[in-house]
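Chain naming follows the written order as A, B and C, and within any one chain the residues start at number 1.
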Amino acid sequence: MRLTQGQFSFLPDLTDDEIRLQCDYALQQGWSLAVEFTDDPHPRNTYWDMWGTPMFDLRDAAGALYEVNECRKAHADKYIKVLAFDRNRGFESIRMFFIVNRPKEEPGFDLVRSEGPGRTVHYTLRPYAAEQPAGERYR
Amino acid sequence: MNAVVELVNDCPLVDKVDLAQLYAESDIEATFTEIDRELIGLIPVKTRIREIAALLLIERARRLMGIEAQAPSLHMCFTGNPGTGKTTVARRMAQILHRLGYVRRDHVVNVTRDDLVGQYIGHTAPKTKDVIKKAMGGVLFIDEAYYLYRPENERDYGQEAIEILLQVMEDNRDDLVVILAGYRERMDVFFRSNPGMASRIAHHIDFPDYSADELHRIAELMAAAMHYRFDAEARAALREYIGLRMTQPRFANARSIRNALDRARLRQAKRLFENRAAPIDRRALETIAAADITASRVFQYKNQQQSTEDDNAKAGADGR
Amino acid sequence: MNKPVVTKITDAKRRFQSGVLQYKQMGYWDPDYEPKPTDVLAVFRITPQDGVDPEEAAAAVAGESSTATWTVVWTDRLTDYPNYQAKAYRLDPVPGTPGQYFAYIAYDLDLFEEGSIANLTASIIGNVFGFKPLKALRLEDMRLPVAYLKTFQGPPTGIVVERERLNCYGRPLLGATMKPKLGLSGRNYGRVVTEALTGGLDFTKDDENINSQPFMHWRDRFLYCMEGVNKAAARTGEIKGHYLNVTAATMEDMYERAEFAKQLGSVIVMVDLVIGYTAIQSISKWARRNDMILHLHRAGHSTYTRQKNHGVSFRVIAKWMRMAGVDHIHAGTVVGKLEGDPNVIRGIYDTCRETHVPQNLEHGIFFDQSWASLKKTMPVASGGIHAGQMHQLITYLGEDVVLQFGGGTIGHPMGIRAGATANRVALEAIIKARNEGKDIWREGPQVLANAAKTCTPLRAALDTWKNVTFDYASTDSVDFVPTPVAAV
């Protein structure tokens, strides 16, 4: 299974040069970059772990790429993403988000159905990986 | 945001190189002209800059032809007294490196020890890395870099900053150029105790003190830029002032001239204000008189020195 | 012989003598009037009947959309009538079209009830469009003052929060309308949903006339669609949605359907424009109270928005809908099968999603319009578009838009899932290329061809539809084009 969150998940994984170009685009727009990682890929998991604070005041994508690679060293077996944040009025939110690292095996999600009254079914997604505690999920 | 330059090592290989064209394309001639305009004198420095630029141009040509594969080390060390133009040259050097395709952008991040070193455990690494990330793509200028090294205090975190810098200077050559600056002697001590740092510095430039003539020219230029002029006596007083000040402690070259000029302006204003009963013309407002200069303590110090010498001479003559 | 100049009568006794006066005499034409920042302004395109004085026609429009009637009434004197009467304050001939004029009319804020689109429209367009002295009349644009805007809820979710809920940033959203439009049963419908969403789309959509018909009862549709949605979410790890159409005969039925959608965990519901302004505001309030994204299909609008000389311009409808509060609104595609001139569409898109829209006659925007802090409506581009046009779509429409490829997904030769994947890959490739600095208008086809090398579904899509274009002259267009200035 391949987690297809993010802007470019349907394309082949981005090379470092391609990541650099996307970061450059964000810097050109005046957005700040951040790196986050997680081993809980549930789509409603809004808050991945932050790899350091967001990088305001970067002049060049090299700084962001440096952090991406540092994060890869520390968390090679987790999902890592790069975000670009726009603080301008009318947005004040994330403007870009793409995955830059994946665990080797992505087992995916279990769809848990619980039957309700009539023909109603309530659905929950459970990541298979979450059967292990955090930190031991992807090995 | 400056246009991103395609790095030298990303260009395709060729088998012929036109140096004149390469030079013209890089437009570093314009940078040299600006350096000439901004900095008086400093001939040895300017020569050195041109030499380095020529070297970089040839290296670029060699890499375009595939002769050289390894990225050259570009880190530098500028030594000299304060006020000799190190920061200005660092900015121009960033421009040259950018135009020759060695760094992607031409910004300079100017820091001292306090910007890199933290006050408690765990504080230094993120602080240093933050500074480095902001400088990436351009030049990191570390003033009085030797303060990073304080061997007498084993709780000092400067060493951590040095380690991080060393690693980045080696591994991220494409992304960052580091320029260290400071007094010559202290730099020498720093390098002796940190051979790793010394080995990463490719180019040393020494910034000699300005001569009295050069300082005079600087004073004239600065005054003109502020729309002041010296009358003939003032000019003579200025000459004497410079000669005296150079010998006195804590002389910071161009910066000291700037300070002296500011003080002279203050005295001129005071003088004109005290004589405010009489109407004044444009010329009076523009002119710095000798009195505005000779009122400086520098002259009193000279007189003190003079009378001490006289006393010593007298003492000698009396044989006491 | 000079015609006598007709002006406002200021002598009260003469003004209120029984009889018939011209609208101009009653004060509805006032060229010296300075619109207040709290006035509601409207610009009408008027085509007076032959022989009718244009200023009188403008005054008549002002009158009949505010306080006047065809004869003088003494009861006017019980009111502060100069305040309540609308004032036509400006009249411009339409460039290149003799016999047509732009009439600018100002309405005092007190003429309107707070927070009511029904009242706003009843006032402005309720009475005046059948007026005999006019051959044709079109409401082109309106300026709503911030004071008035703040009485409206606005979109329940807005573009920013919608993206945060869907966890989708930096690219347009992708959707598809179910095809065939009518006839599928609930179970079969759900199959299409799950295939399309699994393939890579973010949304699938009920069509406007899917409500609850003999071939598919609404409850069955909702149940099977949510099964499809959740199955796709589990397969992809993304948040997916299907616009469940809750349009019904009565408001009570609509609430019942919306509640069921919420109970089943849908992120989004949809309604059609034909439910009416009152119903739209009701369902909008419900959507905000229940954290639901609200999609609006603009069913029926073309009956009155399409002709340039008569009706209501869609940009006004879009403004009203943003005020009433919808999160999605169909707003045109430019390159697809439905009507849409690029400049007009641009003006409409800006109206939906900018926080401040400056006057821009080239895009058909007649007034500066500030949107206070009303949330942004996401425009939806739907109708005859396919993956091969992705670069054109992004260029014309930008990033904050929902691109819907109904036929373009379900009609794919390799199947629905492949169709969805083709669209998603095309979209991501174009966005990536645009961010890298490529000129996607020119290099788009090459970028798509490159992406198709590693994506067979995209290759098939490009081959199947490469010659499909819809090139007809637009029936609606702007009147103002920039004139080149001679170099001095």
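In this text, a residue touches a chain if its C-beta (ideal position, glycine included) is under 8 Å from a C-beta of that chain, and two chains touch if they have at least 3 such contacts.
Note that the structure is predicted; figures quoted are calculated from it, not measured.
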* To do: Classify the chain contact graph as line, ring, star, complete or other.
  => line
* To do: Report the most central chain, judged by the distance from each chain's C-alpha mean to the global C-alpha mean.
  => A
* In whole angstrom, what separates the CA-based centres of chain A and chain B? -> 45
* **Centre-to-centre distance between chain C and chain A (centres being mean Cα positions), rounded to whole Å** => 34
* Structure fact -> CA centroids of chain B and chain C: separation to the nearest Å works out as 61
* Structure fact -> Note: chain C residues in touch with at least two other chains are none
* To do: Please name which positions on chain A make contact with chain C in the complex.
  => 1, 3-5, 7-12, 18, 21-22, 25, 41-44, 46, 83-84, 89-98, 108-111, 119-123, 125
* **For the chain B and chain A complex, residues of the former touching the latter** => 1, 4, 104-105, 107, 126, 132-138, 172, 174-176
* To do: Report the residues of chain C in contact with chain A in the complex, numbered from low to high.
  => 160, 163-164, 167, 169-171, 200, 223, 226-227, 230-231, 233-239, 263-265, 354-355, 376, 421, 424-425, 428-429, 431-432, 435-437, 451, 454
* To do: Show which residues of chain A lie in contact with chain B when the two form their complex.
  => 24, 27-28, 52, 55, 57-64, 66-67
